[in-house]
Structures are given as C-alpha cells and as structure tokens.
C-alpha cells in the first residue's frame, strides 16, 4: 500500500509541475496548488505507512536512466524525511494559492514549485548512487529555477542565484566523487550492495568518502563554513519556496550524512562524528549570533536555520560518537532527539517563513525597521508568526521546548560515557544549546516585538491588511502542528523512534516509554509538557481572577486608554520607537569581534558653517565574517589566475605551434 | 552497398547545390540529404546490432556498431546544422554581404565536409581514415573563412596550419603502425595491411617499442584535430569566426570523429602494449585540456569563444573517460559524444542566432536576454544547463558513468581533479551567463522566428530524452563499447 | 646498375632531403626556398623509384611519378607565384636567428637518430637504417614552421614536414599502399593550394604577409 | 504612597528640601512614601514651582497619565499661590489653576519636616 | 494530558498531600517574595542609616495597587494585557514544581532543570514583548537590554545547574536535592562552590539587582528592567511586581535548597512541611540579606561591563562542570 501511495504522490507532484507550465494564467495556480497538495497527502500516507509498519519497499527499473537504471527504496529513515517534507509541502501548496494571486507568476514559477516538491520527495527514496545523484542535482536545478522567479526586478536575486548555483554544484561534485569512490570499491552502485560490503572497505577509503560526502551534505544543510549561500538564497526566493528550502531541503543534508555515515559506511570511526558535532557547534553559535544581529526578517530566519541545523548536527554527531563508542541505547536517544528537533524545525521554520512572506505580501517590505504595528492590522498572521517564534525560542508548551529538552537530556546522560573526547564534545554541545537558547530568544523577541508591536514605521506597514484565507490556512496548519507536538509529543515519538532504529547501524532499543509525555526508557527523568501547560493555564486564570475580583469602585473597573507615557511629551510618533537595528545594537557591541559590524557615519554640514550639521546619515552592515575571511580571498585568487592565464594565448600562431613543437620533442626524448 | 549510399548521399546533395543557384529549396534539399543520412545511420545501427559488421566497396568501407553510432551522431548534428544554415544563408543574402553564388559554395563545402566525416567513420583502412580526416580539414578551411573578415582570414590560416601539422604527425604515427604490422609474420600484405580488423587480430604480435612511439605521435597528431591540450589553440579562433552552423558541425561532431580515430588506434595499441601506456597518455592530455579550459573560461568576454573553450573541456572529459577503457566507461564516452554533439550544436546555433539578431556576440553588450527574447534566451539557458551536466540531460548521466568507470580502474584522483575543474568551469559559465540571460526588462520582449526555435528545441528535447530513457541506445552503446574494449 | 649502387643512390637522395631542410633554415631568400623544395621533391621521387625497381612494384613506380610531378614541379610553381606577388620577398628577421636555428637543427637530428635508431635496430635492412633522416626532416620542418614569420616560409616548413613523413614512409615500409599514398599526396596538394589562396588574399588585404602581426584573435 | 515628582518651574529650592525629607534624618520613607519614576506607578504628583507656560501641558499630561484615585501635592509657595513669580510673563498660574490640588505645603522653601508631616497625613501613618 | 492526570490520581494516594504541598509552595513564594524585597530594602536603609519602609511595605503597596485603575497605552495590542499574567503564571508554575518546601511536589516528573530555566525565560520574554508593545523609546530600549542580559545569563544558569545535574546523574530537581541530602560530602566539593558562585551572579542578573541593574533608579537611560514596566499601572503593575518578587523568591529558594538542602521536607508529613517552610524562610532570608549587603557595597556596572560579569559567571559554571567531570 505504501509503495502505491508514495508513487501516486510523485506522479501527482510532477503532473502539478506539468499543469503549472501548461495551463493559462488564471487556472494554473489553483490547479498546481491542488495537485501538489494531493501529492503531499499521498506521499504522507505512503511514508506514514512505512514508518508505522516498519517494513521498507524497493523498486528497480532498468528502462529509465541509461547505463545505470533507477533504484528506489523507502526505509523508515527515508520515510521520516518524506513525511516531514510532505507536511511542509501541504502547507506551502495551500499557501502558494494566496501568495500568487496578485502578481500571477510566470509559467516557469508555477511549474518549478511542484517540481521542486517532487524532487524533495524523491531524494530520500533514492537507493543507488546514480538515482541519488540525479535526484540531488534535479533538486538543485528546480530550486535554482524557483529562486530565479523574480530575477528581473532585483539584482540581489541574481547574486543569490549565482552563489547558490556555484555552491550547490561544488557540494554535489564532492558527494558524487565520494559515492563513486565508495561504489567502485564496494563493487556495485546500489546502496544495498554497498551496505552489504561495508565490512571489507579499508579505513582510509571510508574516511575519505565520509569527509567528501560530509563536505557536500554539510554545504546543503548549511553548516557554517559552507552556509554562505543560505542567507543569500532564502530572502530572495519567494516565500513558499524558501519555506520548502528551510523546512525540507536543509533536512536532506542531514539525511545524507546519516545515510552515508551510518547505513553505507557502518557507523565508522568516532572522529568522524566528532567532526560533525564540531560543525554543529560552530554553526549553532554563528547562526544564532547572526540571527540576533540581522534586521531583515527572512535573513534572520535563514541564519536561525543555520543555528537549528547546527543543533541537529550536534545531536547526529553525538549519537554517532556514542554509537561508535558502544553505547547504542544512548546513541538511539540522542539521534531520536536530533530527528525530533529536525521535524519540529521543519514545522516552525516553515510557519515562520510563510509568516514572513505574508508580512512582505501585505506590508511590501521585509525590513523589520520599516514594519511595526502589524499585530492589530494582521491579528491571525501575528498569532501564527508568534506561535512559530515562541516555539523556536523553546518556550515550554511548544514543540521547540520538547525537542531541545530531549536533546539536552540525551547529551546529559551521555556524560556517563567513558571516553573523555566524547564527554568533551557533549559538554560543548550542551554549552552551545544553552548559548543559542538565549540568542534565539533575543532574535525572535526582536522579530516578533519590533515587527508586529508598537506603531507602523512606514506607510506600507500602515496600509497593511490581513492576508487571504489560503495563506492563513497554510500558516495555521504548521502553527497548529507546533502547538500539538509541543503539548503531546508522545504522539509522534514512537514513529520517529522507528526511524532512529533504522538510522543507526546496530539499531537502538526503544528510547521512549509509551505515553503522551517525554518519558525516557533508559533513565528515570521525564517531563510531561501537557501537565506543564495545564498548570500554566490554571495559574493564568487564577492570577487573572485575583486581579479581576479585587474590590474596586465601579468607574475604575475597565482599563482606561491614555497616551503612552513619554516623559510628558505630547507628540508620540512612530519615529521614536525602537527599530530592529537599535534592538540588536547592544548584542552586536558585545559580540563585536565575531560579527564585525561595519558602520559608516556621514555628517553633511550646512554651507555657512562647519558647526551646524545639515544631515547625519548612519549606515550599518553586518555581513558574513566567514564569507569575508574564506570566500573573498579564494575568489580573488581564482580571478587572478584567470587574468594570468588570459595573457598566455596572445594570438600569435608561432606561440601556438611552439607549444606543439615543445611537446613533440619532449615526448620523443622521453620515449627514446 | 548501404555504406556507399550513406557516403554518396551528401556528395550528391553537394553537387546539386554547386550546380543550381542557391534558393530556399536547395537549403531544404541539403537538410533532406542529412535527414536521409540520419535515417540510413539508424538502419545501419539496427543492422550491425544484430550481426557483427557490414562492409562495402570491396573491403574499403566497413561499419561495426561503433561506426554506426558515429554515423547516427553525424546525421543528427548535421541535420540540425543544415536546417539552421538555411536561415543563416538567407539572412546573409538579405544583409547583402554575399551573393547567392557564395551560398552555393557554402552548401557544397558543408555537404563535402559531412561526406568526408562519413567516409572517415566508415573506412576500414586506417590509412583511408587519415585521408578522410585530412580532407575534412581542407573542406572546412574555406568554411571558416566564409565570412571574409580579417579575423576570419586569420582564424582560417591558423586553423589550416596547425591542423595540417598535427595531421602530418598522425600520418607519421600511421606509417609507424604500418611498419610494425609489416614485420608481423603471417599478417596479410598488400592493400589490407592497415585494415582495422586484421590489425586487431594480430595486435598482440606487434612490436611494443614501435607501437609506443606511434601511439604517442597519434595522440599528439589526432589530439590536434580533437582540440586536446598542447595543440588546441586553433579551436577557439576557428569556432568563434566560423559561421554558426559550421562551428556547430565542427564543435559538435568533427572533434568527436577525430576522437573516433584515436579510439580505433587505442584498441590496437591496447592489444600490443596493454592498457597502461595509452591510459597514462590520455589522462595527461585530458587533464591538461581541462586545466586549459578551466583557466581560460574564467575571463571570457565572447559567447562563441566561451562555447569553444567549453568544447575543449568536454573533449578533455572524453579523453579521461576513454583512458579508463572499461566497457562502461567507453559506453559513457559514446553517450557523452552524442549528448555533447547535440547540446553544443544547439548552443552554437543559438549563439549564431544571437549574433544575427543582436549584432554582436560580446557578453556584456547583450544584457537580459531572457527578458528581451524569451524563446531564444530559454533555449540558450537550457542549452547551458545541458552543457554544464545537470540532470535531465544526457551529459549528466554520461559524466556520472565516466567518473564511475574511472574510479573502478583506479583513476579516482584524476576523476577528482576533473570534478574540481568542472566546478570552476560551472562557476565561471554561471557568472558569464548570469549577465547574459538574467536582468531587468529594458525593452518589450520580441519573438524569435519559428524556423529557428523548433529545431533547437527539438535538439534539446532529444538530448533530454537520451538522458532519461535507456530504450533506444542501451544495446547500441553496449555493442559499440564491446567493439573497442578487448 | 648493381643493387648496391641503388642503395647508395637512395642514401644520397635521403641525404639531399635532409640537406634541403637544413638549407631552408639557413637561406632567407624565398625564391631560394622554392628551389630547395623542388630539389627535395626530385630526391624523394628517386628514392621511390629505387624502391620500385628493387621490389619490382609497378604501383610504387606510379607513386614515384606522382611525387615527382606534385612535389617537384606543381607545388614549387604555385609557391613561385605567391613569391612574385610579395615585393619584399626576403624573410624578415626570423624569431630565432640563423646560427641558433642551425644549432637546434643539429640537436634535432641527434634526437631523431636517438629515437629512430632504436627502431631501425629491430629490423636490420639497409634502407630502414636511413629512417632517422626522415624523422630529422620532419622535426626541422616543424622548427621552420615555428620560427619563420613569412606565410610562404611557413608553407615551406609544412611541406618539409610532409616530405619528411613521405621519406620515412618510403624508407620504412617501401611505400604505403597505393590508394593511401595517392590520397596523402592529393591532400598535401590541396592544402598547399588552400594556403596559397589564403596567402594571396592576405597579401591583398593586409599588404604584408608577416604572421606575427596577425594577433587580433585572442581573449 | 508612591509620588511622582514634577518640577513645573521651580527654582530647585523645594527639590533640595524634598531630598532632605527623604534623607535619613526626616526619613519620609519609613512612613511608606516613595518617589517613583513613572506617573503610571504613582498614586499622586508632588509638584514644585510655579506652572510655567511650557510646563502647563506636560503637567496636565502627567496628571492624565496617573491612574485614579490620585492626589496632587503642591509643595512650596510658588506651587501654592505663585509665590515670588506670581503674574510673571512666562507663568501660566499656580498649580491649582492647572490641576486639582489636594495637599498644599506652604513655605519658601518648606521645612523637610513639614514635607514629611504632609506626606504622613496622606499615608495615614 | 488528561490521561496522565488520571494515572497520577489513581496511582499515588498521597497526591492530595503533594498538591497541598505545591499549593503551599506557591503561596509561600507569593507572600515571601515581597517580604524578601522588603527585607532587602530594610537592610539597605539600615546600612544607609535610614529607618526605611517596613518589611511588609511591599504587600501593602500590592494591596493598594490592585484597587487602582488600569491604564493601557493607545496602540497596545493584547500582548500588553497578557504579559503580566504570563509572567506571574510562569513564576507560579515554577514555584509549584521546584523543591522549595517539599522534595516531592505535585508534578514530580516535570520538575526538570531545563523546564525551570525555560519557564523563567518565558517570563522574561513575555515582559520584553510587553515592553515593546507600547511603542515608546524606553520600553524598546529596556526590552533590548533585558534580552541581551538574559541571552548571556541564561546559558550560565543552565550550565551551573548542569554541574549539579551531572553530579546527581539526573536533571530532575527533587532528584538532585534528594541526592545532595543523601551525600553530604558533595556539598563542600569544589564544583558545588563554583556552581554556587556562578548561580549567585546569574540570580543578581535575572532579578535585576544592583551590580547589573538599579531597581530604584529614575533615570530611564540607565534602566534595564524598570524601563519595560513604565507603562503598567494599577493591577497590571501589581501583577508585574508580584511576578518579579516571586522570581526573586524562587531563585533564592532554589539556590538555598540546591546548595544548603537541610530542613527540606522529604517525607511529606504535615509537621515536616512546616519545618521545611521555616527552613526555607530562614535560608532565603539569609541569602537575601547577603545579596542586599553586596548591593549596598557595590556601585552599578556600566551596561557594557555587565556582559563581562556574566561571561565570568558562565566561565565559572563551565569550570564547575569540567571539575565535576574530571573529579568523578
């Protein structure tokens, strides 16, 4: 049953892409959206069935893809990622109807979103080197085309597309080389054959393959040294696409690491997984810092994706290290926490990106400094964006808290393990979890508070109106998911537990006791978020009652509306409000050496005298330190090499012939 | 008998073009001739697939699965090119630059060019193969100089000179092989000494020293015609100055015909020396061409030169693939030859159209092509996607399997270097094409004529089809690969 | 003629071919170059004739005739026409001065002996011992191509290479099969015609034929 | 009793005395009086000085910003009846012309003990 | 959630006692908080030679404030109304589940270190959002500073308590307290002392005491915590002050029980609970007095020196954890 459902899903998604390209303007948007929603549902059913029943299915056809044929197989690990993508895809396809209504997008735009969705559903099911690489590159191509929807209007979109294409291709080349080397030595290019031979592979080979594939998958997941495309591509892509990118495509980087590291190479060395954990630590801290410092909503969300992927990588790295160290049960728990956080991240990041899209759609700008006062104008979007923001800051009662608690618990239990290196890694992981918790909270209080509360700081924000119902349904669906998973995580955990056992080479025993809360099997600490929320509500009602019932004279009963207190000034304008830049300024000053903000202050004086400034303009840009330190020099060196090489062929036929002559003589001498 | 027909059809068309004054009907006749060649190629492929080989003209022509495949490639690319040259010639005559007589000379030379290539591919005798390849050089010289500009003259001089020297070295190599064959006891003497089948039969008895020197000369000699590293400098000049259909034909299929010759000699040399010597040679030459292409693509300012350097890169990849030498690698090389032929032809024809319509082929003088000419921009964009080796198109599958072949044979490091070069080239081409294709709408979008659009889109669709479904080619590729590999 | 004398004649002819190549390096006057070429053509034809007589192979005789006509008469005539059109008709200062080129020619001859020597040692036949001469001519011809500025001298260089290859062919294998030999010489003839046409158009258009100035085509 | 001090144009003489009132000697704090930063937190306003034209509106706004039930304490002669500056060109009047006054502390400046005494009448302790 | 409630009621007969204990804890913190503030005020005034307001002044002010009128700024949305309620309820829930009076509160499972830290974070996030809602300059500046300080102090808090959790092999607070009770030799271990130092720094930062923030300042530019609540009046202000007081009481109680666990009621009997309450009161009073003495003797740090102090706290906590791991 699951095979049929999964393939119906794929078929429907590609049909949606086809219809999106073919149908005339008005109907194609709706048709594409409906079909892709149906595709997601079918894929969800298929993946769900695999997850619940635990049996994998596999299909091989030699007709497609010359010379290699196509192998598809969906095991619980892959099914989890398909399910996560399907859930986000469902919300996105419903959202895209409303999003595209005003400026009906071109044929290419409506076609690429379902195509991108189809490839996202395909990648976890690929079961041979060739199929995986085809699906991977198709995903890169469709996401690039989707990113280019409004390349006509903005130069940054074209920059972003160029960066994105170059970096994904380099990543894909690394993965291709790694997998091909593996297939060559493991005799056979299907994952099953490779997995069967994983015992006979020599250590240096498996390490080289792991490092190469890690390079590729980390660049797709957005781990720090290779994350540079993420804060450029996500803000420029249309919101449904960036929601899919952050909610689903980034997960596939983690999927790749797990599939190659655990399934194909059989767990491998401990230092592999410590490298993954180190990547996670650096990404989490760097991402959280930059999220707290950026003032563009989508750029903030992109950096927080880097942060959350860092947390997931810490989990995956710790799990791998523990598994390599022999503690299977604990590794299962930590991996469960990492995958649960991944699913939660897909939900709340998808909801946030759709919210940011609604903001841009209604208020015409993404810059937090020019928003404000939208809570009253767009209450529903404010509630959904708020739910997403609070759950990403891991506040109790929402899904962020549940998965970060599980991750914290797993890492904590790991301290009992013997090897000092693992303990050091776990300590770094917990410290990062702590640091990023505070920074993420700051970033999202800024996004929520400065963006939605106070007075509108631009006429666009002032004229903002609530977005269409379809967009609200999209956001609501994901926000609802966050709340439900927050209150009763026990519903989803057994399913993820089965994916974890499939994920780890030696499989892991049940990490979770059944029940609605988070009850760990291996150790007696457990938490019941449901009860926490219940207690919170009871306390809330009691406090509200206490204040309400206080004896008060009649006319003081209802709260009075008065001008906000501004030290007696009567003219309280929006310009006096705090902006996102000034909100993040103290944090930037504290972490100045990492963020390296560059300010430029121009004071133009009046003609008459130097002492009376006419206008003071202040610009501040926090650009990516990694990009400046790592990428700029590399690009400069390549450009220098290009100019040097250009001077060699100067057009004279004698020089060309001289090349040939020299080679001929050299060859003759060598062969003599 | 079939082989003679294949070679003579284009010759007949050429003769027709020479006699009658040029008009659109003649153009379509040329196209029809090449379509016939393609059809006959397919028939030949089906025939050779069932039983080993067909031969004609009392032993001079011989076709096995490999040459049948090459005939199909030549047919397909020349069909695309001749359809496009109708538009090219009409635009030229309309532009008043050249007379109708000039166009009929053009059509004759093109058909002679196609005939020479077919002869080269179908010849049984390696000497005849050399003669045919030399004839193609002669035929294309005037085609390169067709536009009568100073640059075209300079390009044709360089083209003829470098290629003739290269080909002379190749002849020296052929002579050495002939010398080695003469001294094999029991080898058939007389006309059929250089017959490929007999050489393959006695290849293990050839003298290794002589064959090693011969193979070095052959790789260097034919490498010039293939555009491989040391003697590649003529390629960007010739392809950027030649009219678009001609450069499409040359880049798409002439380079690969020369590589076909190398493949034939490699089979013989492998018999005599074992695979390691030729593998080392081809790896060095392949990596050198990749390095040259990667370095020079970084700062390209002209569309056609960019595409020419891109051909050097793909020839380097094909050399690496052939160096691996397993059946999988050779099958991938052949698929790559077909894919590259189609994609490169489509791109050159599109750049020709850009040159005609925009008046210049400088990248920074043609901004926002997608906005101004959606169909042409789209074709050029998807052509680049195909050329850069992205999935739906067959170049991705062939590159993937070539790298698999190389890794299987222990050339993993070479595959790694080639991937690095391809990544650099990808970034460079992406940077150049970004300015060319993307950008704001300066003027209202104008349509591109159907005559141009349909064949090019057809070429891309074919390239994608060969990339996705294995049906028509799989058996032909395997048969052709087994022909070359011991 | 005793058989031994024929071998000596062939040796002499091969020597003349190599001498011609060295002469091309040395002389600057274009008219002298064309005469050197016709001399080489004749020498080549005699080698072919000697072989034809030795093996009694009629085809080889025909080939000798064709070589004599093509390389001895037609090509030098074509070149002479181009030379007449170019008033200066003196090779300007070549890229590498004459003494240096002569020294490199010597080095090239040593190299070719090294390479070809090992080859011919395998099959001791009086004529094959001469193969290094042919290879030397090829290398010197290539060197002429690389260093001479004038179009005509480049054509001469190319022809030297072709003659060298033909010489090696005759010496090593007593003549490549007839069809291939004819095809080869026909192609060489066509290439020379093409080059001659190009040279004249270049002369008309640019007023000079110095290739070093032709550097318009670069990135 | 939280008070929000408003300087409606005083010569700071009264401010010094108020500071003394809250100093250890008189220590109005022990009777529950406290000066707070925002009128929202205050039960009343401690206004010093004559109400100048510029301070009339801010005083009115501060009064509005204070939650009911609220009191106004006019401290010093200027606040009570304009004192020295009554009738000056920049003066809008004394405090009771702008906001209803509940307690008046005469004296220019009033003794710290008188201020503490007045505050104790308000806090009832 | 209903399912878990049902299982709890069915399984443990002593549930009524534990619910009672938790309720007692909430009330204790509710009343004890303002009293602690009054005590600290009294100690400060005594140190300054003043008599100072009575200790119960805090409770009196609350009673008065509740009866006053609530004022909301024009452009505020529902957030301004909800923020104080969320602050108080999160503090109350924290009080219910942490081991203050008894070591077996009602949701024994829920009393996890992570939950307590993030409930406190929830309170400060609510307060910050409330501050931003009115759209005044002070509210925004206060929220920004409070979140920055919070962002740096929260990791120190988590890692400090982690040091104890590692020692007790569980992150459950009652578990830690019981383990400390049964292993008295842990109390003097270096890792405990370092954790205590780190926790004191964090408590000062979280509750906004002198070295980090001056609660009784009038100069808006220097405020961190006060600026956020400038807009609250009457009942809202009462809720906020009670919330703040409860957080102070809670944190001090937590420090008391984690580091000096004597006297806490482990058995759940009526008398033991009384003893626990008295012990809690005494311990928190002592700690509050010491904090007040620290306040009086030090001047307020410049805002951008505060992160260095908190970073020092974080390093202390990290050192505590590492010494705990090494010494194990």
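Note that the chains take the letters A, B, C, D and E in the order they are written out, and that residue 1 is the start of every chain.
The working rule: contacts are C-beta pairs under 8 Å (C-beta built on N, C-alpha and C of every residue); 3 or more make two chains touch, one makes a residue touch a chain.
Quick caveat, the model's predicted, so the values are computed rather than measured.
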### Task
Work out which chains are contact partners of both subunit A and subunit C.
B
### Query
Moving only between chains that touch, what is the shortest number of steps from subunit B to subunit C?
1
### Summary
Between A-D and D-E, more contacting C-beta pairs sit at D-E
### Message
What's the farthest chain from subunit A if centres are computed as the mean of the Cα atoms?
### Response
C
### Query
So which chain is the furthest away from subunit E, centre to centre on CA atoms?
C
### Message
What's the distance between the Cα centroids of subunit A and subunit E, rounded to whole Å?
### Response
35
### Summary
Whole-angstrom distance, CA centroid of subunit C to CA centroid of subunit E, is 100
### Message
Using mean CA coordinates as chain centres, what's the gap between subunit B and subunit D in Å?
### Response
97
### Query
When the C-alpha atoms of subunit A and subunit B are each averaged to a single point, how far apart are the two points in Å?
44
#### Entry: Multi-chain contact sites of subunit A, meaning residues that touch two or more partners
556, 560, 562-563, 565, 646, 649, 653, 657, 660, 664, 668, 671
### Task
Going through subunit D residue by residue, note those that touch at least 2 other chains and give them in order.
38, 40, 65, 67-69
### Query
So which bits of subunit C are touching at least two other chains?
115, 118, 142, 145, 154, 211, 214, 216-217, 219
### Task
Please give all chain pairs that are in touch with each other.
A-B, A-C, A-D, A-E, B-C, D-E
### Query
Tell me, which parts of subunit D touch subunit E in their complex?
2, 23-24, 27, 29-30, 32, 34-38, 40-41, 43, 65, 67-69
### Task
Enumerate the contact residues on subunit A facing subunit D in the complex.
555-556, 560, 562-563, 565, 568-570
### Task
Could you please specify the touching residues of subunit B with respect to subunit A in the complex?
157-158, 161-162, 165-166, 169, 212-213, 216-217, 220, 224, 230-231, 233-234, 236, 295-296, 298-299, 328, 331-332, 335, 368, 370-371, 385, 388, 390-392, 394, 396-398, 400-401, 403-404, 407-408, 412, 415-416, 419-420, 422-424, 426-428, 430-431, 434, 438-441, 466-471, 473-474, 477
#### Entry: subunit E to subunit A touching residues, read off their complex
1, 3-5, 26, 66-79, 81, 85-86, 88-90, 92-93, 96-97, 107, 109-110, 112, 114-115, 118-119, 121-122, 125, 128-129, 131-141, 143-145, 147-148, 150-156, 158-159, 162, 165-166, 169-172, 175, 220, 230-231, 234-235, 238-239, 303-304, 307, 318, 321-322, 325
### Task
Within their complex, state which residues of subunit C touch subunit A.
95, 108, 111-112, 114-115, 118, 139, 142-143, 145-147, 149, 154, 211-212, 214-219
